[in-house]
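We call the chains A, B, C, D, E, F, G and H, going by the order they appear; numbering starts again at 1 in every chain.
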Amino acid sequence: MKDECKKKTEPAYAVADPDRLRRCGAGEVIYGAGKTAEQICGILRMLRENGQENILVSRLDAQKEAEVKSLLSASEAASWTYYAVPKAAVFGGMLPASGHGTIAVVTAGTSDIPVAEEAAVTAEFLGNAVQRIYDVGVAGLDRLLARKADIQAASVIIVIAGMEGALASVVGGLVSAPVIAVPTSVGYGANFEGLSALLAMLNSCASGVSVVNIDNGFGAGYQASAINHVGV
Amino acid sequence: MKDECKKKTEPAYAVADPDRLRRCGAGEVIYGAGKTAEQICGILRMLRENGQENILVSRLDAQKEAEVKSLLSASEAASWTYYAVPKAAVFGGMLPASGHGTIAVVTAGTSDIPVAEEAAVTAEFLGNAVQRIYDVGVAGLDRLLARKADIQAASVIIVIAGMEGALASVVGGLVSAPVIAVPTSVGYGANFEGLSALLAMLNSCASGVSVVNIDNGFGAGYQASAINHVGV
Amino acid sequence: MKDECKKKTEPAYAVADPDRLRRCGAGEVIYGAGKTAEQICGILRMLRENGQENILVSRLDAQKEAEVKSLLSASEAASWTYYAVPKAAVFGGMLPASGHGTIAVVTAGTSDIPVAEEAAVTAEFLGNAVQRIYDVGVAGLDRLLARKADIQAASVIIVIAGMEGALASVVGGLVSAPVIAVPTSVGYGANFEGLSALLAMLNSCASGVSVVNIDNGFGAGYQASAINHVGV
Amino acid sequence: MKDECKKKTEPAYAVADPDRLRRCGAGEVIYGAGKTAEQICGILRMLRENGQENILVSRLDAQKEAEVKSLLSASEAASWTYYAVPKAAVFGGMLPASGHGTIAVVTAGTSDIPVAEEAAVTAEFLGNAVQRIYDVGVAGLDRLLARKADIQAASVIIVIAGMEGALASVVGGLVSAPVIAVPTSVGYGANFEGLSALLAMLNSCASGVSVVNIDNGFGAGYQASAINHVGV
Amino acid sequence: MKDECKKKTEPAYAVADPDRLRRCGAGEVIYGAGKTAEQICGILRMLRENGQENILVSRLDAQKEAEVKSLLSASEAASWTYYAVPKAAVFGGMLPASGHGTIAVVTAGTSDIPVAEEAAVTAEFLGNAVQRIYDVGVAGLDRLLARKADIQAASVIIVIAGMEGALASVVGGLVSAPVIAVPTSVGYGANFEGLSALLAMLNSCASGVSVVNIDNGFGAGYQASAINHVGV
Amino acid sequence: MKDECKKKTEPAYAVADPDRLRRCGAGEVIYGAGKTAEQICGILRMLRENGQENILVSRLDAQKEAEVKSLLSASEAASWTYYAVPKAAVFGGMLPASGHGTIAVVTAGTSDIPVAEEAAVTAEFLGNAVQRIYDVGVAGLDRLLARKADIQAASVIIVIAGMEGALASVVGGLVSAPVIAVPTSVGYGANFEGLSALLAMLNSCASGVSVVNIDNGFGAGYQASAINHVGV
Amino acid sequence: MKDECKKKTEPAYAVADPDRLRRCGAGEVIYGAGKTAEQICGILRMLRENGQENILVSRLDAQKEAEVKSLLSASEAASWTYYAVPKAAVFGGMLPASGHGTIAVVTAGTSDIPVAEEAAVTAEFLGNAVQRIYDVGVAGLDRLLARKADIQAASVIIVIAGMEGALASVVGGLVSAPVIAVPTSVGYGANFEGLSALLAMLNSCASGVSVVNIDNGFGAGYQASAINHVGV
Amino acid sequence: MKDECKKKTEPAYAVADPDRLRRCGAGEVIYGAGKTAEQICGILRMLRENGQENILVSRLDAQKEAEVKSLLSASEAASWTYYAVPKAAVFGGMLPASGHGTIAVVTAGTSDIPVAEEAAVTAEFLGNAVQRIYDVGVAGLDRLLARKADIQAASVIIVIAGMEGALASVVGGLVSAPVIAVPTSVGYGANFEGLSALLAMLNSCASGVSVVNIDNGFGAGYQASAINHVGV
């Protein structure tokens, strides 16, 4: 199967965008869900042939990752790292940290960590220093206030919360830096798979908060990196 | 028109529930929206004939209140008080304050005050001491923390917030007393007329929070009174 | 694996809130869904080190419970009890019953019992006497009216119903005590996984009813306990 | 304008269905909302020319009714009766009551009466005896149980309720006759203009309940008449 | 396990309603979903001890049916019949057909048949003659019109359709008998698991149509039987 | 004000797209809702200066039309025609009819006519012969079948219906030509302002049906014209 | 089992529509989801006996396809072709390409290909030349603009996109041919299983766009074929 | 009334947050909707007494603005400027432009301009250079591509679009700077008052896009300013 895959560097199912790196400052990311291992492998090679050295594959569960890996050559496999919790793989390593400062990734609870790690790994991949601040939800304000200095020191803050998503508003009221809020599907019943946190964050009473899709740690990490590099 | 109204003490459009006062510990309340002034007047008299001395009329806008008042006899009008902000009228006065302690009515913003006043007046009507704590939303935690002692001293707390409704969770994490959360329709766009705050409050990460209908200050005040009188 | 877990008493994924017991009158509860067995075990130990003797773990299915148990030391396991129907575990035993009186847990049907047991076990864990009154839905009023005296004698009533959730309104009209309504996801089609009962309960025509999240037996039990201890 | 209207008996905007009376056992009804007075007048004459003697015009507010009336000839106006509360007009009078028995029209509250009257007038128009039983909502069960004999004696029961719509299930559990439930838009907030009652009624735990559109008193009256004449 | 089950004729999880047969003209039906085999068996015996001879168990999948059957005594098993397509069991046989006439069960497509069979078996169980008319959806009007006489001859018509549910309106325009519409979850995408057909049927332009829950063949069969026996 | 407007041919609020006529085969249409009369006037002139001779202004209510007209010069006004029912204006006249054949515009009821006229006028403006077939909804199939030949003779059929939107499926089953379905907001309650018809049409069991936005007569007319000119 | 199936050519579960081929210009298609292999086999034979030579079976997953194939006779199996990616089978081969020109099938991403193939195979089955243009989503406009000539040369364009569905509007602005938009369920979170793309496409700012159901490649292919044959 | 207002500098309905300017780098903004003119006036003075020199009042319609102005003293009025299109007032003037670069405010259509102006005025108030790029929606790509250089030169881009909101994705694919997307309620029918654009933007296939509430120009301007000042 490896041979068949190798030939697929200009596949029928995907089109290269060689100008993207110059235009957007970051290469394309492969969204792994809904693609076969062969397609992921093929796109990976197409991107490399178009000059992209560092590639992130998101939403790649452990089983499909094993399939992809089995399709890689030995030298390709040497450049491949898999991060199990955010279910993401990095090809070619992460960029060195640059930008205005640190990106803080803050979660309300323990169950939000997989989404937070997707954000953190994405930001690190794109060349940012990341500080993880987990399990500081608003039901115990002391836990949050104990980390206030860390949060206020960051250039950008990513706030990740499910259920009622209140953490975004509370953090938004503590800082002058921009806040990217990520609603998660953590919860049950009337959370409607993340709708409660999504609506809450869109309606935040704090002013400097914008929102990405439910469970979209990747998008938050990407946007935070762009913000951290504004004017750089 | 007054005469016609006077005869309508057993009207076709309403049925007395004389056992209710004994059974539920509180008389019926007249929900004014969707009823004509004549119907409100008729029900008021029917309730009085069935032994209820103190009657609350909720959701009674200023224009309809004037119509109702014009239908009352002079002695009836003497027992009638109208509260313009919560759009509620009280007939026969409020009960003296009793119960375990004080009911705190807390709002996130200035725009939530009409709903808060409906809760406060209802609780006062039913015989409770009420403490109003307004405009302490989570975007400025200092404002809230400055009132922490007052909130922690209350027997029951009613939290009223629109937009993302985060205040309910933050207050819920500060106290051991039960919290009744009231989502309001304050906001616009993706608040979907109160849905954002409603879902947020139903999914609160704080444990002791229950919720009533959007803008239902009356229900919160009634429930808080019942709680404040448990075991009394 | 036990050794590795033992060391994780201050884990990266969770933060202790040692002041909570004093502030809220009840220790933290571990919400088991979405956490690994190792995380649950680690949080359990962290809480104990912070002085919490009695710990409830909710939403813990049988398989994960077995995993958690296998991580416990012998002395820890001796303090551990698992309740299969509500899928909850109690560490350190339940508190002795106190408060103003009894909490009645009332269900509409047989299928609502798992949620009811979550409420009942939570209330018992927090130190309340509980009376279970099951399968008294409104389609057979005689079944409900036969238990009217029991329901009216309670300090707090938890009403648990799926489908159209009508039981909350009928019970709410029978009592002066506060009613906590729990919509369940029992039903199919246009119940939209509990939405029908949730909306019905939020719009109850009975006055003293507040609502918690769909299937949130835990929240109802917690809130009922807080109410049962108001002013105590 | 009268002359112009008179000529419009075969208008461009409407098509006669002369076979309908034979096929469906009832003539067409003119749904007044969204039609101009001229259109209503034109359709009325077209129906009469096609042999329909008795015609119901529903959803006709007072202002448009006045416009229609001004377009009628003197002899036409003599056959025209307007019912202000359900906003319906009858041309040619009501049919004499026939069918198996009585149709009971039962409401939860006073505010549901306009919808109830639309159902009652429709059923009377189609030749049924109607018994009105208003304001017997479930928050005061005694009011309902006092009318149990009347309700159980009916051939068909129409139950009309807003808010949580619980009355449909309670009545459904008391009778063997078919129950037609009509959700109303009475309420506010999370009733979402009748959605709460609609979902509740569709999910009724009582078995013999079917449902029509929100505020559709007409549909309920029509269906109840069809049921009351089954096999006649 | 049989012995244990036998003793559970007055179980903690269910309450008998012995008056129901007299009051509603039909015994209770056991809704099988969400109950264990032991609970179903226990309720079955409780109902029989309370005098109900004929019992329907709905929503009973093949696996649980096998479990229930293994709990039955030999004489009990002899009275037990299982209908695989509607996933329903009948204990004690069906009642002989009575009522005004025939109940027509009409489907739009082949995929709607399981719901149709639930309606048909329920109606037969309750003592009605049933005529099945399947796969006559509106995309091929000739198929429907070929059965017009059969449909017009029925006392009650149950129309079962998924997707856009148009069949209910077309049939409703052909008959004078009452039409019970059952939306099904057949379809995909923007049918939102039956919502499209549900809304369509609630908004039918034909007058004599009422609606039950999505996929609720049982409710339609029950209601149709009640209608077929009005005044009998 | 006329002078000020005259100068605004390259306004700050709108940008010309001079290539559009060549690219899309039809000039831009001005969507009148949400624009001021001055803006409409300014865009009109900008389009003419960019070579567009025939311009349609949609969603232009009578009052705003009067304002626009007052801003036009005498020669401009001579080229301006207003169609009151679809609330549309045509500048420069309609194109002569061309294309494969006739576009049939079919409505379920009288209340759907305003949307139908928007479709018809749009199609005529773009150079199509249009046949109007109104009030042939499915509750009276004879009315529809009487026009079957006309409908089957058309090159494209636009079906316009509110409520349950069943007409689209029935017409879709009668023809080989493409059907464009337009859901309308006609109805009330659970039609949710057109949602019921929209979902029904998207789920049509007939194969050749595609759908445009609720009340979007313009879009249907435009698409039908494009279809009628395919390959021409 | 083969024998039993053979006899089922006039089954109880399906009705032939022999006039359809003449009336609609295309034979019936068997929607495979929700039907058993026996039913599919039976309907296939019924259609052939009614004169249909070419039959498409959609939504037929690999496992059920194997079951169907095992029921076919050897000569039947020789006429049967299965397309794994769109999960569709063709019996009797595809029609030769005819019509005005080519149908372009355009996707935003790689994950949309299964829906695109359903559209393409359907259009080919019905006798159309198809050009596939995949992975040209709007985040990289160069990829799309590189194919502008191909897209502008087509007679009909099918645009297939998930997530935000923006491709439909961009393509709609580039062409004069009609555009059929197919929203897909590709995405997660607030795409609500295709709702985001569906709403976006219904609200397209480009004029010549109509929409089919989520993931309904079949419907788009069918409609495109009808358009491609208008006036032929 | 002026005197009464003057005394209200520490009103019951609002609480000062004097630390906010230091903490968040920007003073509080007064959200004008839902507040009375007296309340706005009172809060204005309270903020000034707490040291805030520059104050923005958003969502202030012309009528209420006149009321507020009549309450101001002459010296206060001299510092007050009203912007009619975004319905916003600025007290104390705008800050001089600083930050990394320019904020581009881009709209899809003319009707989106009021929201765009709210964003632009907010950003200018907070000290940013703003470039307005209006009416460049995706249905005419040439209009957008003509402004590509301007858009790519900006430090932050705010994209404002109603209907299907596709512009956010197209712009997101053109730039490396962060994009803030603002869905507007422009449109009708299935736009559900902005829901279509909101969902589209949340599901953007372009990576660097985050979203604020529907019509929330203020929030976008505020967030863009924070981004433009990161690390400054």
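Methods note: a residue touches a chain if its C-beta (ideal position, glycine included) is under 8 Å from a C-beta of that chain, and two chains touch if they have at least 3 such contacts.
Keep in mind that this is a model prediction, so the values were computed, not measured.
Number of steps on the shortest path from chain A to chain H, with steps defined by chain touch: 1.
Between the contact lists of chain A and chain D, the overlap consists of B, C.
Shared contact partners of chain E and chain H comprise F, G. Within the list B-H, B-C or B-D, A-H finds its counterpart interface, over half of the contact pairs alike by residue number, in B-C.
Centroid distances from chain B, each centroid being the mean of CA atoms, peak for G. Look at where the CA atoms of chain A average out and do the same for chain C: the two points lie 35 Å apart. Here the spacing of chain B and chain E, counted between their Cα centres, is 44 Å. Once the centre of each chain is set as its mean CA position, chain D and chain H turn out to be 50 Å apart.
Contact with two or more other chains is made by residues 140, 173-174, 189-191, 195, 198, 202-203, 207, 213 of chain B. Pairwise, the chains that make contact are A-B, A-C, A-G, A-H, B-C, B-D, B-H, C-D, C-E, D-E, D-F, E-F, E-G, F-G, F-H, G-H. Here chain F touches chain D in the complex through residues 109-111, 113, 132, 134-136, 140, 142-143, 186, 188-191, going by the rule given at the top.
Chain contact summary for the complex, chain C toward chain B: residues 23-26, 29, 100-101, 152, 155-156, 173-178, 180, 198, 202-203, 207-213, 218-220, 222-223, 226-231. Within the complex, the chain A residues that touch chain G are 12-17, 19-20, 28, 31, 33-35, 39, 43, 183, 185, 193-195, 198, 213-216. The touching residues of chain G, counted against chain H in their complex, run 108-109, 137-141, 162-166, 168-170, 172-174, 187, 189-192, 195-197, 199-207.
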